[in-house]
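Just below is one structure, and these are the notes that go with it.
Order as written gives the chain letters A, B, C, D and E; numbering starts at 1 within each chain.
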């Protein structure tokens, strides 16, 4: 038995080694130099050995008792959705604490950290928006970045041509993005599943390409600069540039570049909280339920009188609006926008946030947004290995939690006391049905 | 005699070369159970799909009686932009499916709540702000859901995932869900398939109660002749897409054409 | 029971996530027998059948086929041992033609006997012959059920598991299906039949099991069960 | 209008289109079987370009001069190694996700795509690489000043693609393995019950997909002569577009979609504007899908209720 | 602190990674020498890499990190203009010296930042030279302008176009190709159909190489003129061999390695095992300037003032800066290729 195991292990190791050697030999082992190559085969052999060793280590861990337990656990969390019992403790306290912690973050964090926090929150917003479309309504959207771009460019170009400010852009952006969502939705809603994915991808690319090509209007690849935000006419710059009064002068305090970040962070944080609340409400509202029902079975929905076209349209528009909102914050945070920020990869990243979070789960989306924005920053120390490690972690996380970080929980519903027990059918054996 | 609730007039349905229904006419009277039977592939489900607006019949008319006189299903679904089968449901026809179509990853109650989306205050703002009107509407919807769960003997499963339920209960849940739309006519496609005889008996009681206590009109496709004979007031038999017999259960049960095409010589019936 | 069972469940448990769907199930089938399994909705009958094919896998206990434990074998190896399943809900290949569906049935044994077996099946189900080139997904429920049976038979299995073969079939066809089952049994095949139509099933089979809530509640000669008061009440709908 | 220019643009479009088609085949096959958009496919193609160049360098190092021999051995070796990449990627990143949500492998694929790009960048450097011209010369039509031409290499591309595609279409539609692929596509669980080794079928599909990408990679490398670790991205999106245009899941559709896309690009670039050719291509895609929601040759899902 | 930190920001991943590597290699080669020689005023210099992948979003994050976490005292970078523009706002706020080795877009220095210097030429400078070269030296009048729709490429081409139009020459074609593509046959055919006798290309080698090759393959008889991004050894491979480079010209700084006074640079690079590519030299030169400025004082004002007042004898020649922070009289010369693909100076 024991030797048998060893034998399979050895076989496994050898196989892994051979396969990885073949894989690594050309790319890692022979480095192109002009039309000839440099021999680095030892590197390939080392890599292959490393992979084989890793494989064996995994198998060995799998053989031990603890390993099996872990493996068993990993395997058993497969089923995704659970219904709540209605007896869960109210999370109000924890939520309150998180809210306060979020509000007080600027007092502890430096600008770098705050900058990342702002990005993370922007991605939360994007994730929440896309989650409506993909997670709730089940429409695979690979061009979400288009709405993000609409929001960002609204502020940039609006300021340039119409004199729009941060606040007015913040109000207009959701509507404009929603409108774009509607324009896109019309041709799209007839399509199914993955056709929809490519059409949205195409739409995202069209927006980016137009932004890039329409030099006269958008500044093309040179981008467009975005004025810094103002608060009741107060400016955050060292000297007033938009005809207002600098904030630090008004309050008679020393100038610090941090104030702008504080301001953006706080406004963004509040907006995210509002959106989270709204999205959470949506899930227990008829509209949100119809989205989810549509995701589950469109035909059944139609048989219940749900206007599927209209319902999908609302999902698209609301998702787009949220994306537009995020765009405004992105623009104001960067102070500069150009098309490189709105590539397909960005859409993929947002989608990864939604999927990794657990389709449809708000908490999951927030968690995933934090993970996927903070992770690349943490990986900075890996320098050029950063992207490699990021890719590996993305795959590992997906394998580890294929259904997302957070399980979707469905709310429980109970009848109001007035009808309790009234609906018991005559043939029912158990009248005290309500748990 | 007043006008029938549903009047199917000379409906023909073709799929490419296949004619699934040929010149079918029958009517469904208010407050009773009409059964649609026939061999496999006779075109019963197709007929249902035409009635519920999933297909547009190639020829003929399907009229649903309403407050403003009879309404043609065909015009509802071909209405530009807003048209579609959902309008048929809104006009008062609900259905279940031969292959169960529940929202599997949603809870049982939620399945029923989706069905009531038209009566709940479907307004974004009021929903997000939780206005009293919205809360009242939600509460009523939940209560109505529980009412139908009770009727279908499913209260125990209210807060489980629909997909986890065993087959038989899923079938009952589908009926409950269809009832939640408050239909004038409910169309059941093989509701007893996969139920054992005692469960079938329960189901037939449920259907009968629907008619008696709630004045519900039912159109049902079923292969379980025991059930059909027990509950229906009126039976229509299709074969090869055509109506071969139409009348009371006794009439149809003794119609030699039906026996030859569909029933065979029934030892079971003889036994009972 | 002198003969060694062809298939045997010994102490099998199975779970869907946290839910235990099979609780210490013991069932055996002897070569050449027709055994039926009846039980209410959700009793776990389908789970029992599909646990033979590894979904869900038995979390404890053994499933023995000819004395070998097959509960850990990959799904695709099971059918090569001569076990075929007519699944609940038909599960035919919607987008393939009738013939292609039947070809898929031959996977474990290859196409050598295809023509011959196809002819046999077309005799059993003339309807399929008519529709041999139709896309299976557009056929009526009953037609699809016939196809599912035919497909399973194409592998020339020794043991066939039927999960509610009469589901959704017209009375005439139900009769034919049960006749077919009888014919299949006469060909020397072993049949394990899950049915809601307990009356029919018990009349056809020699032995039967009654399942309640994931456990085997009763078992014995079919004839005896047919007379059993509880069974009559609960499953035959007779009071 | 110069008719030779028009003919030249048609040639340009068709060769570009067949390459799109070749890569699109990989998307379509994988999609056809497990309904997954394999976003790493473009990068597999990129890897194959490197393997091809390295193989050629090694062959030259060992003094192999014969062009046909070199070309064929490069093709064979590259296909083999790239196929192994396809296999390994499926094994490591997608198989563990079988049976979870549809989108999980999509994200995993994006991760793999990042990994491959970054891996090649680190191992081979970020700079552009190239291969020497193996086959030069062209068939020319017309006089010395006005002419249209198709290079020998482009001819090779056309024929190789058509042959590859012909073989694949035959395999899928008329062989047992093809039938099993379609079976797995429609109902993986029941296929396993019927005795299909589903894991092997899926692996096979990835292997074939990667191998076709490698054919594309080799041809493109020899035709355009240069590549870097980033070429997978644009090609990936284009090929994916082609696959959808033709009706994702359909092999002839992928080819048709590719050629259509190639022609559109060439003609639009040639007669309207290079700047907006991609905008036009995507707009065309959207419009086309609006009228044919399942692409050119895609079959609508059967919706029998 | 007992070390002085210099941030080196650029694309170490993504499509432009090759440039980031080159700049960093140049910078680190010089900094190693400085450290070996005792550092800046006795303090060792430590380099911090900041990868922005040429994305503005990451550039801002890198800038914040440099300022707040790493507390760098000077920045060499960023690479792409689109990254430099947003990131420089942050360095400006923080009062940190920044010198970009490659962002040639005019906007970079036109915003009047006192801390920002450009360690390379400007697109508009280069364009004027290029237009003159095509019209006067090569005497070509039917010019097709091709760019890659990126800050650098399009900026360059637009400036060339402007200069030409000022001289009354209308380009026969003005088109943008897509970065990341390889097949430009359609564009090449179009160029051919316009009857152009010169192509000016604004862009990088991954697209430029195949473009050159396809022009040759389709037998289009034009001269190909382009910018300093082509001063890279991999061009030969990308263009399909030396034969295709016959009529290709690019503008660049006079090759410093040909200048005997930079012998030291050459030795240092050889010692460090670094191939002396274009941006390696820029990196080296920028490091020289920044280190010199840091030696002048701890305060930005002192450093900036030093740079504005002094001349740096750098790897790319003697350079001085004007008030805006641009190099005064940045010189561009033209190169062509010999049979082996080695660049030769056009006299």
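In this section, contacts are C-beta pairs under 8 Å (C-beta built on N, C-alpha and C of every residue); 3 or more make two chains touch, one makes a residue touch a chain.
Not measured: the values here are computed from a predicted model.
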| item | value |
| --- | --- |
| Geometric centre: closest chain by C-alpha means | A |
| Longest centre-to-centre distance from subunit D, chain (CA-based) | B |
| Of A-D and C-D, whichever chain pair has more C-beta contact pairs | A-D |
| Centroid-based (C-alpha) most distant chain relative to subunit A | C |
| Distance between chain centroids, defined by C-alpha means - subunit A, subunit E (Å) | 36 |
| Chain centre separation (subunit B, subunit D; CA means) in Å | 49 |
| Rounded Å distance, subunit C centre to subunit E centre (Cα mean) | 74 |
| Two or more partner chains touched - positions in subunit D | 118, 121, 125, 129-132, 275, 278, 304-305 |
| Where subunit C touches two or more other chains at once, by residue number | 16, 138 |
| Multi-partner residues of subunit A (at least 2 other chains) | 34-35, 78, 80, 213, 299, 384, 386-387 |
| Interface residues, subunit C side, partner subunit B - complex | 16, 19, 38-43, 46, 88-89, 127, 138-143, 145, 164, 167-175, 196-199, 233-238 |
| Interfacial residue positions of subunit D with respect to subunit E in the complex | 2, 5, 8-9, 12-13, 15-16, 19, 118, 121, 125-133, 136, 138, 147, 149, 151, 220, 224-231, 233-235, 265-267, 269-270, 273-275, 277-278 |
| Subunit C to subunit D touching residues, read off their complex | 53, 55, 74-80, 84-85, 87, 91, 93-96, 100, 103-105, 107-108, 111, 135, 137-138, 151, 155 |
| Residue ranges of subunit D in contact with subunit C within the complex | 176, 179-180, 182-183, 186-187, 189-199, 299, 302, 304 |
| Touching residues (chain side subunit A, partner subunit B) in the complex | 80-86, 277-278, 281-282, 285-287, 289-290, 292-293, 296-297, 299-309, 408, 410-416, 418-419, 422-428, 430, 433-435 |
